[in-house]
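Each in structure tokens, the structures are laid out below.
In the two assemblies presented below, subunit A is common to both, partnered first by subunit B and then by subunit C.
And then the complex of A and B:
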């Protein structure tokens, strides 16, 4: 197992290298250069050229990349072109906020999704089942943006249960927990919906098996049948998808954090892209890539615990 | 049957929920007919000003940096204006009034500016403000290679400080807009010691000025906190309150998403929110506890032509477009009635607006548009689109999304279609638009322009050497160039006014642009906020008159 984890971690730098090349190329393909943004749209060409020189943007692309990666290898992600702050500071300020948000979303996702999926499976074909499946379809198809505004309007504005937006503090404080509720819920909706549908179908598959019929035949209560014989066996595909969904939560953070004014990495990346702040975009994307890889690794390791049949070599 | 009923009910509830949440209350276009207020619209106050309270303001982005010499960010200028003072300020009527300077003299040749400074002014750090700080500020600005704005003070040759309260600027040549630059957002006076001490972190973790509010803290992408400067008693006479400010402090909350800002504002968590989405203005105007201040923000949205691109190199075609546009329809349909029909690039309240514009500028006249196109050889072809030598008359129109230009373009498609001109709209993200619109490939484009003085519009946009941007028109008229050059150096104010009038007249004759709308600014204000007066800089500027009613 340790060997497996180490092997996966060795791959990490290769992934990051690929990501950095890709981001670098995409940034330089997108119209609009940072010097122009800093100088303002109406600045004279000489001013723009001067800023380009200052930032090294007039050098050939391979050279720019080599300089950049050289600095990154020394642990220097550069300074933001716009705020002049070290990128690492900006990213490290934002990272804990994104982690808190994602963590809460990752915890509530299975807590909501699995019971819903089990209920739907147990009540297959009833109104409850159809209602839940309709809801889950909406959860998957309605854009995060609309869901966010919906939650904000109803729970934040109308009912005043939670703050409308902003960061209220760390999640272990009362204000922090209140402030994370709506963004975390929003972030979780898509994952909950996908996971609930999957739980339902996995449960149905298991419930059709002979051993479930046997369990019922020997007079076990339905609750025990569902939990001990049904869910326990349906859980593996559910965990697989849960892992994927948690990784996807990170990408959902871009929209959710922006709408809820949540000062995380996703929102930082959006600001950076809008401002063509190349070092900041690269820094945030690298951090998100690291997270993505690590989350996937954790999920893979979790399999082994859930299913004793799985061994990693 | 019962089952379907429940199903439907659930669907209905959900639909309503999302509709209510997402749809901005659609106002009837043109339902509000604002009488365009003069710049500096005042929301009337209710009695004697009270001290206390924290004013909470929403911004849509971080102001990037509080170093005035390395940014062009509008939001940075707003915060800088609260922390700092200038030598002089622009009054609400456009004239200049003293601020840190007590008075100033300009030599007859227009090359020497002598400022006498106020005494007893202190920086937040406690240091006395002297002429050395003024000299330092401008020399630093000029010396920063990557400064995007230092070109605006390039005519400075050298700065002398004969004594602590006198500063003499000597210019290389006369520069009629020098006072404009000194009153500008980037010309705020810095404390030499504080800048030296903070080094590269100046404007990032530290900021020191003489202004009405002190910098307290800045949590990146979250909020900026400012506290009242209790020593502040040198406020400019353009404000009611000689100082210090009435509110204890200002908290700026950074909320990027428009709908979130409006929701926070409506919920009473924010006192002031600028640029309320036009579609929300009607609804918020009828919401208890809040109101919308509409102000003349000296803005013109216009359709510009690249006049080197056929067929728009033919002035008759450009004029025809101008006559085919019904601007009142655009104001009502695209700007929700929040503006006035624009016929010129300068707004009527911009200093040196040419009064003859009213007569000279084209108004909606479809018959005239059609006859101009006939004269230019464009005959009506199949499908209602004019043709000439087998070519269709197509206007490629580049617009920024999001923005009011998207709706404006839609209406233009219909209006110009009636004259047989096909409009081919292409939408861009803002930064991409500005990159594309200086490429030389642009033909027609819509964009907004605002400036407090005529130079910022006429010299910036129509001088031939301002190509490729902001002169995106390929406009190079030797006579216009000469007038514009003269407007910057001629010491005779009457001659300058005449220069500006000549340029405005010529630009109308040449139909370089088709001005569309003078868009009003919208400021959402909680009822507790009193004495909000919007400055020509489109903001409450020093915020010394604002107070909170308890």
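And then the complex of A and C:
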């Protein structure tokens, strides 16, 4: 166990190094001269040269990377070309909003998915089961933006239950909670669908075991059998996949935040790319990727902790 | 797409045993019995035909505007109605199919070729394995769509950027799948036997390894087509891929979202087109998997 955690911690810097190299390379994949692209086609050469100097593009690549990583490690992600503010400030303003949205989605996901999966397993082969599985198939294949627009249209415009878009405040306030509802639901749909399927199959596996037959034979009510003998034993794979899904929620944030005008890191990244604001693009991508790596690490370690039977080589 | 990435990861990570390819008649017989697969194949055939023959079939030019009839609801004149500039949505969807299919095929081809090469080299020449797989790990450290977004952000909008961005993102999946299959193949008797009789690396790779990779790769490529189409539409939806006024499906949905309250049909039909394409390739992939190699089921 300790060894496993140590191994993962040793690999971590390698992965982070790779991530930083990839993010660094983003600027150098820009076709032509990035400084020219930023300045615009008609910009005078002095402006282009100034941007080149500002971004350090006039130096050899390894030196550029060394300077870049040096600055990043000191918390300096450069300056946004548009707002002229430090990228870190922009990202830090947006990050709490993304985390709130992700947190709410992460809380609703198991609350919806696990009961649905248990019901489908308990009613295996019936119309209820088939209907739920069809729904979850839809949840997996329908594009996130279509789900977002569908929710917006139905719950926002038609039923008027929730505000259509925007940030209504922190989620512990009433307005904030109302404003986060639609984006969080949207974000959760894919995860709910995947998790419900998994819960169903994990439950079915457990319900086939001898101790479940024994539990039924000794006359326990079905509800008790399902909860105490079924779900309790099916929960482990469910927790793992839940962890993976929570990490992946981060990538759903791009679409969801953009559609619902939610001022998070995902929307910031999309704006940055549209505005060709490369330092901001690098900053947002780096922060999201690092966050993802760390969440994954925590999930893996927790998993090993929860199930002592698991040995990692 | 947060979920779309998940099965790929799991599928690619699992140790897969390549099975012997069934004979052709046997394959056709089994495939025909798979109704979902046939449905997928039929949808794909229709989509390809509509996109290829768009010039002939489309009742209107995808550019022609009719401002008087903007937001017209579906009618015999405009089967799927018109958009905010009075352009015929049905015609635009037909032409838009060219983008989605090109993006899907282009991206999958790119990741297929590069990923297979990387995976085979890593599995066969173990000295390079560590390095190549670390690179793959780093690429997988980016959640779902993030790497594609970063790449398209650097390359700028446009068809080739989208194909390169999505194709690159898909490389790790192909690399891992190939590597794990090669690892198990190289220990099999027929490969060992070929080596014993003095076959060269090239001949072993071509005749004994590559041939056995074909069917699992076909299955995987079909499933990845649906992801590539989905991510392509998403990038355009975010305004990062194909730009309006081009009739790319995701771009159409993106424009339509401003009129969602008043003209829901403008976003419903392009969305339906994306959904049909995504589901069709998923169904085909699942059917191919069941037909070619039931052991691939996880």
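A few notes on this one:
Everything that follows uses one rule, which is that the second predicted complex is superposed on the first by the 250 of 313 C-alpha atoms of A that agree within 3 Å, B and C clash if a C-alpha of one lies under 4 Å from a C-alpha of the other, contacts with A are read in each partner's own complex, and residues count from 1 in each chain.
As a convention for this text, contacts are C-beta pairs under 8 Å (C-beta built on N, C-alpha and C of every residue); 3 or more make two chains touch, one makes a residue touch a chain.
Quantities reported herein were computed from a predicted structural model and do not represent experimental measurements.
In the superposition on chain A, contact of A:42 is made with subunit B only, not with subunit C. Contacts of A:193 after superposition on the shared chain: subunit C is touched, whereas subunit B is not. Legend: residue contacts after superposition of the two complexes on their common chain; A:84 is shown touching subunit B, with no touch to subunit C. When the two structures are aligned on the shared chain, A:75 is found in touch with neither subunit B nor subunit C. In the superposition on chain A, A:274 contacts both subunit B and subunit C. Contact with neither subunit B nor subunit C is seen for A:125 once the two complexes are overlaid on the shared chain.
Of the two partner chains placed around the shared chain by superposition, subunit B and subunit C are both touched by A:152. Residue contacts after overlaying the shared chain place A:251 against subunit C, while subunit B stays out of touching range. With both structures placed on the common chain, the touch criterion links A:60 to neither subunit B nor subunit C.
Judged by the document's definition of touching, subunit A residues 30-31, 37, 142, 146, 149, 152-153, 157, 258-259, 270, 274, 276 lie at the interface with subunit B and also at the interface with subunit C. Every residue of subunit A that touches subunit B in the complex is listed here, in rising order: 30-33, 36-47, 50-51, 54-55, 82-85, 90, 93-94, 127, 130-131, 134-135, 138, 142, 146, 149-150, 152-154, 156-157, 160, 163-167, 258-261, 263, 267-268, 270-271, 274-276.
Contacts from subunit B toward subunit A in the complex involve residues 3, 6-7, 10-11, 14, 17-18, 20-22, 61-62, 64-65, 67, 70-73, 145-146, 148-149, 151, 200, 203-204, 219-222, 253-257, 259-260, 263-264, 266-267, 269, 430-432, 434-436, 460, 466, 468-470. Those residues of subunit C lying in contact with subunit A across their complex are 1-6, 134-135, 137-139, 141-147, 149-156, 226, 230, 233-234, 237-240, 250, 253-254, 257, 260-261, 264, 267, 271, 274-275, 278-279, 282. For subunit A in complex with subunit C, the residues that touch the partner chain are 14-15, 18-19, 21-23, 26-31, 37, 139-146, 149, 152-153, 157, 187, 190-191, 193-194, 244-245, 247-252, 254-255, 258-259, 269-270, 272-274, 276, 278, 281, 285, 288-289, 292-293.
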